[in-house]
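Inspection log for the structure reproduced underneath, given as structure tokens.
Chains here go by letter, A, B, C and D, matching the order in which they are written, and residues are numbered from 1 within each.
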Amino acid sequence: MDYGIYQDKLTRIVTDIARSHSLWILAYGTGCGAIEVPATMTSRYDAERLGVRGAATPRQADVLMITGYLTVKTLKRVIRVYEQMQDPKYVIGFGSCAVNGGMYWDSYNTIKQLDLYLPVDVYISGCMPRPEAVLEGFAKLQEQIRAGEARGATKYKDNLDYYRGNQKKIIKNWDFPDYNW
Amino acid sequence: MEGILMSILGAIATFLLAFVVGMTYGGIRRKVIARVQNRYGPPIYQNFIDAFKLFSKTTAVHHGAMHLLGPAFLMVSAVVALMIIPVLRDNIWFTNLNFKGDLIFLIYIMTFGPLGMALGAGQTGNPNSAIGVTRGLSQMVGFEIPWVMALVALMIKYNTTSVVDLMNVQNEVGQWLIFQNPFAFVAAILASLGMFRYAPFNIVGAPTELASGPASENGGKFLFTMMSAGSVFAFVKLTLLVDVFFGGASNLIELVIKTFLLYMIPVMYGVVNPRYRTEQAVTYFWGWPLLFGFLAIIYSVYF
Amino acid sequence: METFLEKIKDRISVNFELDRSSIDVERKRVDVQIKKEQIPSILRYLKENMNFRHLMHASVVDWLEEGKFEVLFMLWTPKEKIRVFVRTKLDRDNPVMENLDMIWPQLNTYEREFKEMYGIEFTGLVAPEEFILEDWEGPPPMRRDFDTEAYAKDVFSERIGREDAQDVRETIAKRSGEVIPDFAKKHSR
Amino acid sequence: MNIIILILILFFLGAIITAFSGKISALVQDILFLIVLVVPAVLFFTGVDMNTESIITFSQAQLTFGMTPLSYYFSLIVMGLAVLAGFYTVGQMNGKKRKGYYYLNYILSIGAMFGILMSKDFISFFIFWEIMTWASYLIVIYNGKNVQKIGIKYFVMSAIGAYAMLMAIVLIHSITGSFLITDLISEYTGMTQGMQLLIPALLLIGFGVKAALMPLHIWAPDAYSNAPMSYTAIFSGALSKMGIYGMVIVFLSLLSKVPEGALIRDIVAWLAAITAAISTLWAIKQDDAKRLLAYSSIGQLGYIIIGVAIGTPMSIIAGLFLAFMHGVFKSALFMVVGAVEKQTGTTDLTEVTGLIRKMPWTFLAALISIIALAGIPPLGGFVGKWMLYESLILSDHFMLVILVFFSSTAAFLYCYKILFGFFLGQEEKEWAHVKEAPAIMIVPMVILSISSIVLGTYPQLILKPINAAMMSFGLPDTYGNLWKESILFNKWGNQIALAPIMYGIMLVFVIVTIFLFFRNRSRTRYVTTKDISTSGEIIKEHENLTFSRGFFQPFLRAVEPVMKRQIDKYMLSFAKGVEDLFEFTRRIYNGNGQTYAIYAMIFLIILLMFGKNLLG
């Protein structure tokens, strides 16, 4: 567990509560799910009351939302964005395409298992999931964070070889800069 | 020795006050925006949660020395401005540095922070940062003119550049400078719309255009520093307006009420307005605000 | 209108030595089948002499059964509001064609796409980088003999729980008693 | 032999020897060059005092040399900058051609400036003024580029100034019968009203050319940017101050004596304010660092002229203080640009990016000088601007305050542009090989930027000579009483209390900055400027995303109506008109001998008719 200087249990609990109530999302608008995010954020469903708020750049964001299918080309960017985010960071897979490929199950260019390449904390099923489902997904993520279970960033760092191996298997021309990690 | 200790404690107390008040106002602003949009909105203390979360981020990256110094400069400038401005009337705890709030000094020290931040943003190498900075500087040239005109009108009238002296001429409600020179107040408040950088003047951050502009490479602790400095700055600006136009405040409750009412002006103006383009945001201040500035000067010279 | 269509038909058949019956004319549409060597000249001719200034679309059809690729250019004239389809068939094993982007610069984009998706070579095409498929190493994916399911199974691991997923088309066909020909089973996904 | 004469001879002999010593070896030339600059400076600081005076008598005229407190103050600028820029020059000129030519003119212009400051009569003043002009003209055309356009502009404007000055000198002589400056001052109040306005006006035109006052400034951007940067440091830092020096004399000893002087003062102050505002806008528009700084210099000289022209004690202090500060930070900035030019070969702000890690010392010097230029506390530029604002507000020049405020806020734009353009932004592969400039160029810059900091905290270091200079003009002793003049200073107590408060502020600065810097540094990881958040796109080696073109385009669109009217264009159309006039005159002088004979006849007749009255 890499909590840096916050080894003290009480501070950890406080930190986790704060983290769970302040989720800045970086919506990686792939596929059709991107249109559900505005619905979740605006007046009717108002995700901001849970502390969920949009972030403009990966450096500021806590949650990476994969809103739909991921092609290999996009996956490359998503990995890059994920690695640019700052710990602790969480990933939400959004919609059945992110869960198992969905209707693109036999596509030559769409990945079917997101968690092989990135540590996913919460999957939200549905095609597309309604804003209620999205909110529930956020609530689940909050629960996980509060329980100290959402440690995707640590998992990714510890098992970097595993994830890298999977990523390199499908990203043929690996031109990630070496300054990345 | 006691004096030094007291002023150090006072300085810390001032800083905490400014931080808490600024953050809370920010939270209220988010709530107000939410209510206007018919949402429930985040809790008022949401900004504290956000700040704490940002502070507790475990990793961060930097792009070099100036990037490290940028947020630090912003914070320093906020702190120095806060140390110089008289927060409460005749209150020994909030005297801070023994300096009577020179307005020109304040104007310059308040531009230092954004400039330092601009350098930090420049070193990140992100084009959005640089674009945001150029927009911010352009806008600054815009609003600084009516703002200075309002202040010059008062300075000429009372032959002083000190905030304390201006506070001393407005001991009663009727003597408040908002009543003595309403034009100056209008010019100053219109200029402060640009100073607060809320909509329609949020061209610097512009999340959907520029990916939050100068802040786009800053996460975690950098963003925390910027956020706190922004809150302190908001408090400084409000306190300055209260000191200059509303006779200052003699206790904290009065200060909070006055600053809150003033804060609602840019907030309310912002929630109902979309964003300007840069040249619109610049030339906005050279229209009515400039006219009011001229009126203020004429009023204070001839009446 | 009729006369203009006829005029096009005449001119094309005379200039490019085509049988008049091979030129199919419908309402506001002329359909020309032509050899690939004549494609540049006919496109140029139509553009410059017949006022077909606008390239509406270019497309490729994979005639797997014939062993051909059909490349199709749709032209349009704004004045008479008439379309001309110029088709040519390439050998599927050796699909090579002349680069045409000097006639319409936007053909460059189409050609890059054809090259990537069907593997059609355009001699003299200058394409700075890949068009859509980044780092693609497999066969051109839009060819009908490219088995996308097998490729996906090979490259992307399936999530457990989807193995029993039925082939939708086969299931429906079984239910309705439809007979699916063998080639369609393989290539129609 | 008198020490002033000794210094002058040293300069002029040294210049010639240095010029020809290049035949021996380049190193000898460099060393000689430095000796010729350093020795007079040492002699000056040790040997010259206010009582030194010497007279050289030619057959008719007397050349009087001596030092006044004012000229002592300006000599500080000239001598200090000459030595620092001299070291820098050696570094910059290393390996360049025509070094002798350059060194000769460099030393000549320094010597001429020193001569101007030491002159007590108009003849030597004018002689040295012309030497200075010629030497600087020769350096402006040193590059051999655009000589037609740039050289002619500078030459014509200088000639206009020189003729105006010459006319004033002739007038003065015809009235007072003496060339001594002191005689002019003593007899000035007794002149007719017309002369009282005409003489200062003509002198001001002469000085205004060098100080780049508005209608006379058109030579400056081209000339400043065309000269080698090591000389532009002198050009902008010291040579332009000769105009200020003359203006101070005109304003303080002439125009303040008569009530009509207020008119000229106001005109000059307004012209200077408009100069400052417009040239700041033009500076924002420039993409070339040299031209940007050239326009910026014009703007800054505007502030100085405002301070001098307003004429309250405090504003004069502000003007003189700013003159010194401008010499310090602007020459440092020109040196920075020169260093960048030497290392990269270009000064285009849109081309060079990300040098901060390659040239850290240059960046440091640039940063400090820029902060001083922007007038941000606690550096020296702020103190000057502060006094300027104070004096303008206290003397009720409110519109001038607004103009000055506008231009100094707009100055932030170009300040940022120059720092960002060279040093910040993405590190580009093209400049990966760039190294830090040699130490001989770095040290002068760093010394200058350190003096910016020191003067911000201890302005009294130069307030003392300023005070002495002002007392010599009969103004009250402000050094002790300055703090009563200024409400600001007074608020801090009766003593020179600037230092403690600045210490306090700097302490807060340093503590918080260092705390945040190291705190953040230890907990963050360094990544290169290619690793930025770009929607996940990987930036390739050869790609550069730095935003550098059209930097302040929206702002410039907003101020476009002001910038449409260029003085250059009016001047050019005027020049066209003059050309047409000459075309007409040429038709009169048609080369026909008989026509000339007729002209001569007419002239003789006129002479006979009115000769008596004319010759009187």
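Just a few scattered comments:
The criterion applied here is as follows: a residue touches a chain if its C-beta (ideal position, glycine included) is under 8 Å from a C-beta of that chain, and two chains touch if they have at least 3 such contacts.
Note that the structure is a prediction, hence the values are computed from the model and not measured.
A comparison of C-alpha centroids places B closest to the centre of the full protein.
Taking A-C and A-B together, the pair of chains sharing more C-beta contacts is A-B.
When every chain is reduced to the mean of its CA atoms, the largest separation from chain C belongs to D.
Averaged C-alpha coordinates give centres for chain A and chain C that are 40 Å from one another. Separating the centre of chain B from that of chain D, both taken as means of CA atoms, is a distance of 36 Å. For the pair chain B and chain C, the distance between mean C-alpha positions equals 62 Å.
Shown for chain A are the residues in touch with two or more other chains, namely 57-59, 76. The residues of chain B that reach two or more other chains are 59-61, 211, 216-217, listed in rising order. Under the stated contact rule, the graph of chain-to-chain touches falls outside the line, ring, star and complete shapes. The set of touching chain pairs reads A-B, A-C, A-D, B-D, using the touch definition from the header.
Chain contact summary for the complex, chain A toward chain B: residues 2-4, 6, 14-15, 18-19, 21-22, 24, 42-43, 46, 48-49, 51, 53-62, 85-88.
Considering their complex, residues 59-66, 68-69, 71-73, 75-76, 79-80, 83, 97-100, 102, 104-105, 108-109, 111-112, 115, 118-119, 122-127, 130-131, 133-135, 137-138, 140-142, 144-145, 148-149, 152-153, 155-156, 159-162, 165, 211, 216-217, 221-222, 225, 277-279, 282-283, 286, 293, 297, 301 of chain B touch chain D.
Only residues 30, 34, 37-43, 46, 49-50, 52-53, 56-61, 207, 210-212, 215-220, 223 of chain B touch chain A when the two sit together in their complex. Of all residues in chain A, only 28, 57-59, 76-81, 84, 175-177, 179-180 touch chain D in the complex they form. Contact residues of chain A toward chain C in the complex are 72-73, 76, 99-101, 105-113, 116, 169-173.
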